[in-house]
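Several structures are given next for inspection.
Okay, so subunit A shows up in both of these, paired with subunit B first and subunit C after.
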Partner chain A sequence: MRTAALAFSWAMAILACLFLLAPLLVIAAASLSPTPVFDLPVGGASWRWYGRIASLEGFWPALWLSVQIALLSTALSLVAGTMAAAAIVRGRLPGAEAFAAALVSPLMMPGLVLGIAMLQYFRGIGFTASWPALLLAHLVITLPYVARTMIAGMSRFDFTLIEAALTLGCTWPQSVLRVMIPALAPSFLVAGLFSFLASFDNYPVSIFLTDVRTKTLPIKMLQYIEEAPDPTLAALSTLILLGTLVLLVIADRAVGLSRMAGTGE
Partner chain B sequence: MEGGGMAAHLSVRGVSKRFGATPVLTDIDLRMARGELVTLLGPSGCGKTTLLRVIAGLTQPDSGVLELAGRDITRLPPYRRNVGVVFQNYALFPHLDVAGNVAFGLKLRKRPKAEIDASVKRALELVHLGALADRPVRALSGGQQQRVALARAIAVEPSVILFDEALSALDRKLRETMQGELRRLLRQIGATAVFVTHDQEEALTMSDRVAVMHRGRIDQLADPRTLYDRPATAFALSFVGQSLRLPGTVVDADGDGSMVETAVGQVRAPRRFLPGSPVIVATRPEHVRLAEGENTLHGTVTGVTFQGSRSVVEIDAGGAVLMAELPGRQALPDPGTPVSFGWPVAETLLFPAEEAA
Partner chain C sequence: MIALLPPIDRDRRVALLLSGPAGLILLALFALPLGLLFAVSLQAPPGTPPGPSLAAYERLLTTPHHLGAVWNSVKLSLAVTVLTLLVGYPASFAIARAKGRWRSLMLGCLFLPLSASVIVKAFAWTILLRSSGIVNTVLLGLGIVDAPVRMIFTETALIVGAVNVFLPFMILPVYAVVAQLDPRLSEAAATLGANPAAGFLKVTLPVTMPGIVAGVALVSALSVSAYVVPTLLIGERYPTLASTIAKAYLLTREPAFGAAAGVVLLVIAVAIVVLSSRLAREGRA
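This part shows the complex of A and B:
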């Protein structure tokens, strides 16, 4: 009986993994399609679609814009979110819980609503420069990820460590640099990764704030799909997937994935 | 050893601290000689941890002066005091391995690499952890973490080492082993140390002198033997060791002491009080004999427990339940029988009644 139940659980776990991974495998396979439609590479694979990515119209500016916005919004969110988390966890603020909820609330909001709201708002105050508007909007997207992760990380952080560092000869700033930040490194990494990825692949908010010259990669990709649906897009998606994997592997090497996911001790 | 002389290594004078309207420390005086081990003993909320934090510089006192190794440290931040602290939860740095933790303070002092390595090695060997230098601290047991915390504190050769309930997280058996080991080690390196604990056994075992703290004050500062034999207050009596206590009233006093009337008989005590004062008469269980003597009282035996080398007899004395400890294999009374008992005048302790907390 127990063996049967265990076997069933295993089967379900494997099925769930397959269900989650199948689309990724299909897109990777389709990127090697020998024909100009999304075909599985049965009877001959082709790498030519990868070669075509670079020649997509407006690809490089879109990629560069997305990377810029993602990096900048992540960096700003890390600073602002960490300081906000410190205030919420340690500041003995009246209504700290409400602040925390407000900081994280954009996560609960549909992206479309957020996008329309920001478009209206920016128009209303006459703020029409699309690059800064995009950055501000992405800050709203990334800040909740950072705030949530850093609030969790900091509530688990043992502030006696700071006192230990002080008695061992650290000044206050030194103790933050030498103890608090390294001890919180896993949280910073998780926060940064989530934030970067959330910004990099954001569509519903960006769509309202881009113009002809300022288009992020996801928006450009949708445009390609509408104009010429060939496996070049599958190749590009596969590369993005690989890039994400590389990020995760580096993160794992740096602090350990189990420490990041909070699943291991 | 007594720390009362001129050359106090650590001196705390008139230190007071309030948290809001609540006084946590009131006019604390404590002088320690170099190499002395002193315990701050008391129940939770008595101010012992606050006093430790004041010495470490983690809490600023409202008033008073602190001197350490000939320097006024009252206004110095913790990182300029040269104190070592072993925290209750050890507070090891999770991102560093064992050697990294121990080297932390030495690196901040900008010592040469070779010197740091040598000091780390020596400190780890002192706590018998030489083989675990490159382990991550998460992989260690509670006892091992405790030793790392100790090695980290002693590696920088602090002027005083402070232990905040440092052994209380260990299980009983390990705690007892560590008590002996820690005491030997601190003697070996000639450390001056302050322990904070609520465990009276630990206090008696570990220290040269014990400060019994109660409601933000030091009730008594004495060596363990004196503390046990001659507690200065009713609180010190009840907090350290077992005791028998009876309420009474002083009926007579002369040059030799007082005569006290209790519900179950009259008792002589060597301490003088004004006739008419309400008092508490007390002694230790091992001084009681089931016979008429200098002080004779009357009660009823309510229980007898044989414990091998000794027996404990429970006596109802006019409503107060007293525990007497009798050595060896003497004949014991049956429960329910009336009994006369007493103890020597010299071992009779007397306290004002209002002091009994």
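This part shows the complex of A and C:
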């Protein structure tokens, strides 16, 4: 009975892994399709779709916009989120627990609802420029990821190390720079990674804030898929997957996937 | 960085200063927009006297077509939550028991799809499930079916795709609890004479309940508002609350109606989260 249960749980785990990887493998295979209709590259692969990515209409501006918004919103959220986490974990902040819950709450918020709320709000205050509107909206998307990770990271940080550094003759800024920041580096990395991906991937909020000239990559991609899907899109998706894989390997080396999963980060 | 200036432990003002930027983002870009959304949902329809009105809600919750969209969202969420729990719960035990490289490999299988764009995954399922797609080729090749099965743009396609997208959100919270579980616990139950089934029901299940509750809350809140997956895998034939919102804003320009649908979706998502955290608290007490 125990063995049967264990075998069942292994079967489910292997099934889940295969099932989860299936679409990613299919995309990679379809990107090498010899014909324009997503044939599997049996008998002959073709790399020509990769060459066509650059000539997708509006691709470069969309990619550049997504990278800019993701990097900037992640950077700003890292600063604001880390400061708030310090106040929550160490400070005498009234209502710290409620504030922490509020910071993480946009995570559970349906993306589209956040999107239309932003649209109404920006319209209402007469703020119609697409680029800054996207950046501000993405702050709300990224901040919960940073806050959650940094609060968890700081709760594990031993603040007596700072006192030790002070005793050993460091000044405050020095002890923060040389002791606290390096000790929290894994948390910064995980927070930054998740925050960047959340922004870079976001569709449901961005869709309401773009205009004809300002479209992020996910919006462009869905548009390509609905208009004329061909293996060029599979090639583009494969490149994005490879980029994600590289980020994950770096995170695994630096932090360990097990720790990232175990702490719910 | 002022984060650790000496007074932080003593001075409330430093703590307030530190939480200022994040608090401002939350207030100006989250709380106020949501408040305004609620106000817009109460706008009177054009051609009627201005003033607060429940017309948009009435239209959403009494028209059979729109009520169907609400039900479709809830149905999708229920199906996805049950299926991901049935697969994810047992799977997380194997992942937690796995050693070294195997565990990393399986966690990688969770994290890579989790980090991949929803659009990319849904797009892959459209390729897999087409009439001339891979699943049909395999079914035909094995002689399981005689003619290609229509899968894309059916509820089956929708549920397969949605389970695929949301499964990691079930496994990770359950895994986080199971990984900290002492395997000697179920051994102790066995030593004390409990048969395996009773040991599971009386020991393992209650101990892992916080993980289940967290996973169920996350998956049901995320899937009730899913937009990209239904758009690509089933389309217009399956209106959801999310597609109702998008249509009201992007096509028909009826902000009050879209806002009302948004408020309803928000209430459902918040209710799920609040109920499950209450369940988790009661479970612990």
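Going forward, the second predicted complex is superposed on the first by the 242 of 265 C-alpha atoms of A that agree within 3 Å, B and C clash if a C-alpha of one lies under 4 Å from a C-alpha of the other, contacts with A are read in each partner's own complex, and residues count from 1 in each chain.
As a working rule, a residue touches a chain if its C-beta (ideal position, glycine included) is under 8 Å from a C-beta of that chain, and two chains touch if they have at least 3 such contacts.
Note that the structure is a prediction, hence the values are computed from the model and not measured.
Taken together through their common subunit A, the two structures put subunit B and subunit C side by side without a clash. By the touch criterion defined above, A:147 lies against subunit C but remains apart from subunit B after alignment on the C-alpha atoms of chain A. Using the contact criterion defined above for the overlaid structures, shared-chain residue A:182 touches subunit B, although it does not reach subunit C.
Of the two partner chains, neither subunit B nor subunit C is touched by A:239.
By the touch criterion defined above, A:82 reaches subunit C but does not reach subunit B. Shared-chain residue A:158: touches subunit B; no touch with subunit C.
More residues of subunit A lie in touch with C than with the remaining chain of the pair subunit B and subunit C. Judged by the touch definition given at the top, the superposed model places A:167 against subunit B, while subunit C stays out of reach.
By the touch criterion stated above, A:104 is placed in contact with neither subunit B nor subunit C.
By the touch criterion stated above, A:135 is placed in contact with neither subunit B nor subunit C.
Of the two partner chains placed around the shared chain by superposition, neither subunit B nor subunit C is touched by A:72. Closest CA pair between subunit B and subunit C after superposition: 10 Å apart.
Overlap of the subunit B and subunit C interfaces on subunit A: none, as no residue is touched by both. Those residues of subunit B lying in contact with subunit A across their complex are 56-58, 77-79, 81, 83-85, 87, 89, 91, 93-95, 104-105, 108-109, 138, 152, 156. Per the touch definition, subunit C reaches subunit A in the complex via residues 1-6, 8-12, 14-16, 18-23, 25-26, 29-30, 32-34, 36-37, 40, 87-88, 90-95, 97-98, 103-104, 106-113, 115-121, 123-128, 130, 132-134, 164, 167-168, 171-173, 175-176, 179-180, 190, 195-197, 200, 214, 217-218, 221, 224-225, 227-228, 231-232, 242, 245-246, 249-250, 255, 258-259, 262-263, 265-266, 269-270, 273. Touching subunit B in their complex are the following residues of subunit A: 158, 160-161, 163-171, 174, 178-179, 182-183, 185, 265.
Partner subunit C is touched in their complex by these residues of subunit A: 1-2, 5-6, 8-10, 12-17, 19-24, 26-27, 30, 37-38, 40, 79-84, 86-88, 90-94, 99, 102-103, 106, 108-114, 116-121, 124, 136-137, 139-140, 143, 147, 162, 172-173, 175-177, 180, 197, 201, 203-204, 207-208, 218, 221-222, 225-226, 229, 233-234, 237, 240-241, 244-245, 247-248, 252, 257-258, 260-264.
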